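So that you can tell them apart, the chains are marked A, B, C and D in the order they are listed, and the count of residues begins at 1 in each.
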């Protein structure tokens, strides 16, 4: 039984971590961090935990926390962890960071897209990008995990098999993504009010979304090419879920079956990736509340393009679920422990 | 390890049973019954079960099923089970009926409100009304469980402590209820289309809803009085959840604290009932996907009325969850087995 | 052609006033007041007005405004208008106040329920409660209109015919109301975020909602009795719409037909009230975007209660639409001018 | 004052026609056609029309109708009109067809994508494609209007200025579209039930959607090139609205400003097209209930692609609104008559 601390436990990803860890056999939550709700009962903020969690929220003191727990999850604003993380903390606890601070290897790229100075660039190299299906072995040996962004997780998993094989022209890659509103966080902003989001769809951060360089970097590792791409996220009136629809031109001659087989082959051992049969399109509802990513592709012979589609729960596999999966790898637990969640419909 | 069969597994309650039983340590699902989707893969109907369920849907053959399994769940249209149930089946398997066929003790009342002739009235007496918190001991000894309706479960639990004590004037009782749309079932009806339900609220079946006599019967057992009441359900644009707001005049002198204490006392040992503190109103989101019922009351001294509020997931505690809870009681499993679900937010 | 100024034009009710007045033949909007968005283009805040409104938002200067326009609409926080209104303003312009400042005749009641000191109690007496169907003649002669609250409008219209006739026992009256989320305003509050409201229903302000004394006062005028009642509002995941479900015991002998006829009789000349035939329940979607209130009642002989139901668009008839209707009465325009809006479905 | 008949008046587009025509000064609706609801009051099907429409639904008899009215709107299933239209009808009334029967000039293409034999191919040539902003002059002289599909209208308007100028490489064009659920029609299908659509997003008809050849044909007229493109529609949990996000590589050297100026230039006289300033993305809520199409583009210098975005109400400009606009052109009315609808927010 290990002990875990959560910094930022009262955001949507933070409280999802609580939901998942309460069902995990090997972990006990020892610290519910929240600046906003310090000294208030955690269950008074998230009523779903009534009678399940009696703890009170605590301020964030990372060094103290590192002495008391085995793993620290940080679901915090960009720049926070980079400003406080140090060798003492890393020596005493594993750190799984749900923010973007250690995801991008090139500091200049990070600073340009995030508009923040990085305060601990010396730690970036050590951090392992925690996309479990791709970097499993490196994760097992890490001290610091950069838990991937939601869009990058879904995009990378949806595109990887063809990128790795060099079967698509990476310079033609376009990712059109759609996300539920929990991805926008729990901050009190007019633009995220019910009446502003409901009965509406819009693109946002067109050509400027911060997940763009993260996706490009991961795909460049897989394809061996520099990949400038178009990434357009859209806000959808629903709570949870991300859908990626990606387009690329097929390089060389590859039948629809051959393209599909690449997915079956690469993911046949992956519990959390479900390659759908036939022309069944992924739907976010089929993965809601679970750690699954559902993927299917369709080859269009008229245009010689392949449409790659992935559906995922942005808070689970896109944040807290993958963080737990990373923890399982770090501590040698069964990778599925605490994550065998059946998606909930309707 | 026991075996379970589900008749009507492709309705909303049926597939929720599958979700719950997949996480239950003592049960294996041996029969996915569905007339509509016979011979089709269950997971092709409900994509959430992709890679989790490989079975194919089968027609309903209750006698055959009874020989093969230990427990049969029927999530079927009104009148179906009453037409086919017999002694052979009951001798070979426990039956938990999610329809209304055996809920109402008086056949005439059933036939009047449901407009159906009851085909096996001789079995009604034997059936135990499976509201676990109320009839726990009788359930343990039963062969046939009448799994309660969603509105009756939420209403009865919200009102019981004051009804039992005779502290409210039962003749003043009014129940105004609100339900998510999954309660309307999965039939292809224009009135349940997305564009007919979304951005709308309405009352329906005013003064004529079939759950009315069921609630009246249960409350009459608790209060010792015949209770004609007003029950008005409303359709809410959301998937899951039932909220009951009940009103009654307080009899005699009882402080707000005394009224509330009745709830704390009656439910202090009940895992699945959460009495909320202070003036926190129950919200359906805090119980979504779980077997909890959240309850709070408020005494209004200006009118000498008490407002009793309960929130529940209509598909879980209101149908499949309670059915599993009944199964646990029938077979001597831990009552919470398979049901320690943390509600999912948002 | 008269000129109108709107203070608080960037709230939901304020911008609805703009929508309605743009379609009004006799009015020109001369002042788009907004403290929050001062100096910004109105259409940059509400993109629906792109190319339709070129004006820039201005701060609130009521005296200046009164010199320049014929009518002032105030869609402002409680207490604002009471703090600045004076004889100069009232001499120069008609004032239609969408806040609650002048709705309640008894200052002590206002101050108790709103928790605010009333700064101009001397003007309360002069103000006319602008429920057009009830106070039409008084409105025509007024200088200051207290535009009714959304819940009070829908409640009063739904109950009035029976209250006026003394056919219901007012001491048994219970109002269970449901509102879309626009009623909560456009302030940046966590509780009104999309992910906090969506897939949820809850009661709020149980026994303490500020519209309670307003409803009680209006019903006491109609019935000639002091009416302490229970009013319980609920928050529904939809943008617009209010549904009232009210319950009362019938006094004396009145058939269902007789009760219903009272509604037909009282509203036969009222364009904006639609009494529905048969048992058709009012639905908020059928009135969305319009100034209609749809009403139906049902008598339950089992309990001798009548269930009175009303559906209304909370922003239109519940706020801006009724304000325009009041303006039409004040200036002698056709009462329907600018308000012959066909409800928009779906 | 002309007379109009509507065949298919009880679908979503049909009843929107009613909403729009009720506010049109020059038209009277003489025929509410509906097979499903024949002999029932139209307002009993769509309660929004209570007290506004007293008519009863009638069966479809196109020849009789043609003798009685000046214009016939057909909002009917694919293939219906092609099967019954004849010279007699066209001589007696203008016909505006909201189905796809006469939109595609090549019969083989129509029959391949729709899987229906075309019964009156001789009339296809005469039909004018009713995209008003593009074909205004031809429309004025027509007898038979093929009212464009929702996706094609929004796509074509969003792409036209660059397609006409040859500034984008048409072979790189990808259209990723998102639609509210009313686009799926009012048929009683499980897949369109509230609980199947809510809290979900999915692509559908990937590479096979019937609007694909219609878009390709229109863009080929504008660009002078054959344009095989990818079109992927998605189903969004909202009632109304279409959003198009289109991607293409820029040909030659064109600055972001130059690209944008093309839109300002082409649409400066078009009332119903609003080119948004700066980087403001189109949102479906800003056009809801109106005949507007909001458009903006963004040039991404990193990839040399332009992202073209358009938002439209699928039932209004995407169906009934454009049909009325076509009628206005056909009869010489002001093109905006009946269509100066301010979008309704929230």
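The rule we apply is simple: a contact is a pair of C-beta atoms (placed from the backbone, for glycine too) under 8 Å apart; a residue touches a chain by one contact, two chains touch by 3 or more.
Being a predicted model, the structure only gives us computed values, none of them experimental.
Visitor: What is the graph distance from chain A to chain C, where chains are linked when they touch?
Guide: 1
Visitor: Note whether the interface between chain A and chain D is symmetric in residue numbering, meaning over half of all numbers used appear on both sides, and answer same or different.
Guide: Here the answer is same, because the shared fraction of interface numbers exceeds one half.
Visitor: More C-beta contacts across B-D or across A-B?
Guide: A-B
Visitor: Could you please state the distance in Å, as a whole number, between where the Cα atoms of chain A are centred and where those of chain D are centred?
Guide: Taking the average C-alpha coordinate of chain A and of chain D, the gap between them is 38 Å.
Visitor: So how far apart, in whole Å, are chain B and chain D when each is placed at the average of its C-alpha atoms?
Guide: 45
Visitor: For chain A and chain B, let me know how many angstrom lie between their CA-based centres, rounded off.
Guide: Centre-to-centre distance between chain A and chain B: 36 Å.
Visitor: Where does chain B touch two or more other chains at once, residue-wise?
Guide: In chain B, 12, 182, 195-196, 198-199, 237-240, 283, 285, 288, 346 touch at least two other chains.
Visitor: Give every residue of chain C touching chain D within the complex, in rising order.
Guide: Spelled out, the residues of chain C in touch with chain D are 12, 15, 19, 22-23, 46-52, 182, 199, 239-240, 274, 276, 280, 283, 285-290, 294, 340, 342-346.
Visitor: Under the definition above, what is the set of chain A residues touching chain C in their complex?
Guide: On the chain A side, the touching residues are 12, 181-182, 186-190, 192-199, 237-239.
Visitor: Which part of chain C faces chain B closely enough to touch in the complex?
Guide: 172, 174, 176, 178, 180, 195-196, 198-204, 206-207, 228-230, 232, 234, 236-241, 243, 245, 247, 279, 281-285, 288, 298, 300, 302-303, 305, 307, 309, 311, 346
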